[in-house]
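Below you'll find a set of structures to go through.
What follows is chain A paired twice: with chain B in the first complex and chain C in the second.
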Partner chain A sequence: MSLIQEAPGARLHAKPPAGIKPPASAAQRPALAWAEFDNPAAWAVAVILLIMPLIANGFFLIEIFGTTLILGIIALSLMFLAGYGGMVSLMQLTIAGFAGYMVAVLGMSGSANISLGWPWWLATPVALALATAFGTLGGALAVRTEGIYTIMITLAIGAAFYYFTNQNWAIFNGHTGINTVATPHFWGVDWRSDIPFYYVILGTAALCYFAVLYLSRAPFGLALQGVRDNPRRMAALGFNVNAHRVAAYAFASFVAALAGVLQVWNYRQISPGSVAVERCIDILIIAVVGGITRPVGPFIGAFIFVMLRTFALDFLVHVGLDGNRFRLLIGVGFLVIVFWSSDGVIGLWERWRRRATKPEMRPGGGHGHG
Partner chain B sequence: MDSVAQRLSTVGAGAALELRGVTRMFGALAALTDVTITVRPGERRAVLGSNGAGKTTLFNCVTGDFPPSSGTIRFFGEDITHFPPYERIRRGLRRTYQISALFPGLTVQDNVYLACCGVSRGRFSPLRPRPNDALMHSADLLIQAVHLTSVKEQRVAELAHGQQRQLEIALALAGAPRFILFDEPAAGLSPTERRELIEILTSLPSHIGYIIIEHDMDVALRVVESVTMMHNGRIFKEGLPQEIESDPEVQELYLGGGHE
Partner chain C sequence: MSRFIERHPAWALIVLIAVALLLWLVFAVWPPGLEEAIGRKKVFLNAVFNGITLGGLYFLVASGFTLIFGLMRNVNLAHGSLYLFGGYVGYAISSWTGSWILSFIVAFIAVALVGIILQLVVFRRMEGQDLRQTMVTIGLSIVFADLMLWAFGGDFYQIQTPHWLIGPIELPFVTALKSSGEAVYLQYPLVRLVIFAASVVIGVVMWLALNRTRVGMIVRAGVDDRDILAATGVRIQIVFVAIFALGAGLAGIAGVVGGTFQSISPGEDTRFLLASLVVVIVGGMGSIPGAALGAVIIGLAEQLGSVYIPTYAIVVTFLIMVLVLALRPQGLLARR
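Then we have the complex of A and B:
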C-alpha cells in the first residue's frame, strides 16, 4: 500500500545503471550537523546541493534528493516538536497530507467533479492555512496529555484521517484519491519540471531548516526547551505552558504543510495511501534514525530512508531475496541505531568524532535531555 | 473574624498576601487545615515547622502549583484562588523550589533570560535577542547580583550545588517581583554560601516582601521580622522571632523534639 507512488518510478528509472555517485555528498552530509558558518564541510554540502542539477539526472534529482528533502521537512517538523518541545507527534504526515489534499481539492486536477479549479496562487496559501489550522487544533487536543498519550492521540488523528479519506467521496474521492493535480506554471516556467522543482524544494527545505535553527535560540524556542525540561517551573516563571505547546504545534504544522504541498506537486496525485498510518510511522523512524536533537538530523534520516527504500529492493533481489523485504532492512537499521545511539546518526557521528579528536576526554553520559 | 470592619482594615493596610481558611486535602489526608495568614507588603516572614508540617504545601497553594481544596487566597487585594500559576507570577508573585527546579540543558544565562522573558511581553517572540536587548541586560544584572557572572556561559548541569541554589534565587528575582516565597534556599549550602545568601536576602529592595522556609535558625532569624510556626498542617504560633525562639511550646515541638 505504501509503495503505491514510489514503486513504478523507482523501478523504471533504477533499472538502467545510473552512473551517478551520491556517496560523495552522502559522506559529507553528517557534517551539516555542526551547521556553523565557519565549517567548511557544511559549505561543501551546501554547494553540492546547489549545483546538484549539474551532476545528477532527473531521477536522482527528484526521486532521491527531492524526496529526501520533502520527507526531511516533514520529519523536521516532528524534530521541532519532539527535540525542543518533548512532544512526539505522529500526525505530522497527516498534516502534510491534509495540505496536499487541500491543494488537490481547491486547485485544478483530473477529478473535475471534486476540484474547485482555483488558481495555484490562491489554492496553495489557503491549503497551507487550513492545514496549519488542522494541525493546531490537533495539537490543542494533544497538549492536554503527556508522553505516550500524546503519541496515542496524534496517532488516532492520523488513523482517523486515513479512514476518513478512504470513505469520503464528496471531498476526498475515496480510495481512488485525486489524480493529475495541476502544478504551477508561470513566468513561462513549468515549475514541476525537474530542475525548477528541485530548486523550489531546496529553497523550501533551506527556509524551514534555518527557521527552526533560528527559532531554537529565540525566546520562543528557548521557552519551548524550558517547557520540555520542566513545565512546572516554566509556569512558575510566568509562562502559559499549554499555550506555548499549541504555538509550537502551529509552527510545526505550517512546516509540515509546506512539505505536503510539495509532495502533491511531486506525485501530481494524492490518495489515502499517501496518508496511511505506516507512512506516519515512517516519519517517526526518519526523525529518530537521523537524530532529533538537531535540525539536520531529519534530513540525514530521510536520506538514509530514501536510499534504502529505492535501492534495497534491487539489492535484495540481486542477492536472491524477496525485494519486498526492504522494510526489514529499514527495521534492522532502526533497531541498530536506536540501540547504539539515543540520538540517531548525528549522535553516532558526534561520538565517533569526539573519540577521534580527543581520545582522553570522553564524557560518560549521552545528551541528557527529556 | 470575618467582620466587614476587619476585612476593610486589611484592605486598607493593603495586605500583600492574605490566606483565609485555606485547606488542602490529599485524599483523606489534610496537608493544610484552615490556614489563615496575612502578610503586609514588604514584610519578611519565616515559616518554621518540622517535616510534614505543611510548609511547602502552603507555598504550592499560594503559587497555584496545586489549588487549595477550600479557602481563598488574595494577592494585593485580588482574589487569585483559582488563577493558573502563570497568572499569579505575572502579578509579581515569585517562588523558589526546595529541590532546584532549573533547566539543566541550558546555560546559566539562558535560564535567567527565560525567567526575564516569562514575566515580559516577549515570551512568544520568534526573534533572537539583539546584543543590546533590555531583557538580556536585566538577565546580566541578575546574574551579577547572585555572583554567577564567571559561570554564565556554563550549562546548569555543570554547576556546583551552591551555584544552582543561587541561580534558583536569580530566577525568582526576574522582572518586578512584589512578593517571593523562598523554599529552603539555604539547604545544602556551606557556611560561606550561607553568608552570601543572607547578604542577598537582606539587600533586596525594601518593598519586596517574602516568606522563607528555613530550618537553619541562624539564617532564618537574621533575615525576617516575624515568624509563623506550623504544626500538622495548622498555624501553631505567630510572633516576633525572639518570642517564637523563647516560646517553651515551640522549643518542645521543634527546636528540641523535632530536631533530627
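Then we have the complex of A and C:
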C-alpha cells in the first residue's frame, strides 16, 4: 500500500528515525537531525539563494528561481504526504489553485463583477483557511480508502475541480479565468516587484522546508511515519490512524495553499489551465524526480523541471528536433527515473556517492544511508 | 437483492420510490404544471437517453479499467490514452477504407497489442509494486499524449457514421400530446441506440464469460487472491497478458464509439480517464456489474446535470462520488 512496498530496502535505510531505533539513539538524534547544518554544501546553497538578487537578473530571479521555489513548495506538500504518510495525493496543485482562485475572487482583480475587492491582508488569510479546509475535506475523503486508491480519488478530485472551473462562470469566470489580480502593496514597497517578491518566496519556502523538517521529527511526524509503515500496529498502540492521516492532509494543504497564493501573485492571473490535470501530474513528477524521501528533493526536482521547461525548446531546436516535444522529454525522463531509482535524483546521487566511497570506508559511510 | 432489502429496508424503499418516480417521468404524459416547473418532457427524455447511452460508452472504457485493476492491482492511468489511441486508429481506418465495422476490429486489435506490449515489457518487470506501476502509467500517459499530439495534431476528428445508421427513429415514448389529442413520440438517433445495445451485449458477454466459464473462474480467483492462484499452478502471466489485452482493446473500441458519438481530440484522454475513475470508484473497484451501474449513474448525472444546472453539472458527478465514498467506501457493488 505505502511506498514501503515498492522498495523496502531503500526505504528502511533512508528513514532512521521511523520509530525503529531504540530510545538510546534519542540523545544523538538532535545532532543527526540537523546534520544539514554541518554540511558546507547546504550553507553554500543557502548563501547563494540569499544573495541571488546580486547574481541573477529579473528574468532568472523570478522566472527560474522564484518559480522553482513555488513549484518546490507545492511538491514539498506532496513529498510530506507521500514520504512520511505514504499517501500519494495528486490534488496538491488543485489545493494551491483553489487558494489562488480564492485570492483572486476575494481580493481585487480586473474582473470587477466577480472579485469582492477585499484588501490583501483579509483576502489572503481567508483564502489560506478556505484552501486548507478544502484540502482537509478532500483528505478526509481520500483516507476512507487505502493506499493505491488515494491516487485515484485525489486525481478525480483534481480533475473535477478543473472541469468545474471551466464550466462555472459565476465564481470562477469559466475558461477565461481571472486576470490582473492585485498584489500586496504596503510599507511603501511593491511586494510584487522582483527583488522583494523573491525574498517573500524564499522566506515562505524556507519556512515550509524547516516546518516539514521539524515536523518529521516531532512526535506527530514520527507517529505519521509509524502509520505509514504499519497502520494496524499503530492502531493497536492506541493511535488514531485516520486522524493522523487527515491532520497530515491539513498540514500539507496549508503548505500547498501558501504556494498557491504566491503563484497567483506571481502570474497575476489564474485560469483553469493553471489547475489542469497535467499540472497536477507535473507536481507528482517534480516530487518523484527530486526524490520523496527528503524535504530537499522536491526543490531539486522543481529546479530540474523549470530548467527543462524553460530551455528544452531551445535545446531541442539546437540539436535539430521539434521544440514542441518538451512534454515528451519530461515524460521519458520521468519514466527513466521511475524505472531506475525509486528515490529520484537524490537516490541516484546517494547511490553514486556510496559506490564512490565504498572501497575505503565501508562501515561508517554516509550518515543514515550506510 | 432480497438480502439487500432485508438488511436495509429504508434504503430499499428510497431506491424503489426513486425508480418508480423515474419510470413515471419517462412513461407518463406530463401534467402542464410539471412542464412549467422543469421544462418540456422532450428535453428531459433526451437527457435521460443521452445519459444512458453515454453510460454505455463509459462502461466500455471503465470495464477494461476495472478488470485490469481488479486482477493486477494496476491503476492504469494511461487508460485514457488507450481510449484516445483507439479513436485515432478508428478514424484512420474508417476514413481510409470507409468501413465503420472494420474500424472497430482494427482499433481493438491495435490497442490490445499496445496493451500486450505494455504488460510484457513494462508491468511484468515490476509486479507487486502497485505504486511504481501507477507512476509508470502516468509517465506513459504523458508520453502517449505527446506522441499522439505529434502524429495527429490538435484537430478534432469525427468518425463518419455509416449511412445505414444515420437518422433518428421513433421510440414508443410519448413526449407530448397535440391539441388534437394525437401523441407525439420521441425521435432519437439510431446510432446511439445501436451502440448502447452493443455495449450491453458486450457487458452481458463479459459477465457470462466471467461467471460461467473456466477462464472466468481463473480471473475471478485472481481478483480475490492472485498469489494462491499462481500457487495452484495456473500460468498467471498468460492470464495477466490476456486481461490486459482485453481491457486495452475495450478502451480502443470505446475510442471508436466516442469518435462517432462525439469527437476525438487531445484532452479527451483525461476526460475519459476521469470518467472511468469516477465510475469505478462509484461502482466498486474490480467489479464488472459495478462498472455498469456506476457508468449509468454517472452518465445520467452528467447529462441531466448539464441540462438542468449547466454550470454545476460536474459538481453533481463529484457529489455522487463523495456520497458513495462517505457511505460505502468500497463502492456500491464491491464485495469486500
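Definition applied: the second predicted complex is superposed on the first by the 324 of 370 C-alpha atoms of A that agree within 3 Å, B and C clash if a C-alpha of one lies under 4 Å from a C-alpha of the other, contacts with A are read in each partner's own complex, and residues count from 1 in each chain.
Keep this in mind: contacts are C-beta pairs under 8 Å (C-beta built on N, C-alpha and C of every residue); 3 or more make two chains touch, one makes a residue touch a chain.
Bear in mind that the values here come from a model prediction, so they are computed numbers and not experimental data.
Look at A:Thr145: by the touch rule set out above, it reaches chain C but stays clear of chain B. Of the two partner chains, chain C is the only one touched by A:Arg325; chain B is not.
With both structures placed on the common chain, the touch criterion links A:Ala160 to chain C but leaves chain B unconnected.
Legend: residue contacts after superposition of the two complexes on their common chain; A:Gln225 is shown touching chain B, with no touch to chain C.
Once the two complexes are overlaid on the shared chain, A:Ala182 sits clear of chain B and of chain C alike.
In the superposed pair of complexes, A:Val288 makes contact with chain C only, with no contact to chain B.
With both complexes superposed, C is the one of chain B and chain C in contact with more chain A residues. By the touch criterion defined above, A:Arg233 reaches chain B but does not reach chain C. Annotation: chain A has no residue touching chain B in one complex and chain C in the other.
Of all residues in chain A, only 1-3, 5-7, 88, 141, 144-145, 147-149, 151-153, 155-157, 159-160, 163-164, 167-170, 277-278, 281, 284-285, 288, 322, 324-325, 327-328, 330-332, 334-335, 338-339, 342 touch chain C in the complex they form. Chain contact summary for the complex, chain C toward chain A: residues 73, 75, 77, 128-132, 134-136, 138-140, 142-143, 145-147, 150, 270-271, 273-274, 277-278, 280-281, 285, 310-315, 317-318, 321-322, 325-326, 329-330.
Taken together, the chain B residues at the contact with chain A in this complex read 63-65, 84-86, 89-90, 94-95, 97, 101-106, 110, 113-115, 117-119, 122-129, 135, 157, 171, 174-175. In the complex of the two chains, the chain A residues touching chain B come out as 214-215, 217-223, 225-226, 229-230, 232-241, 244, 247, 368-369.
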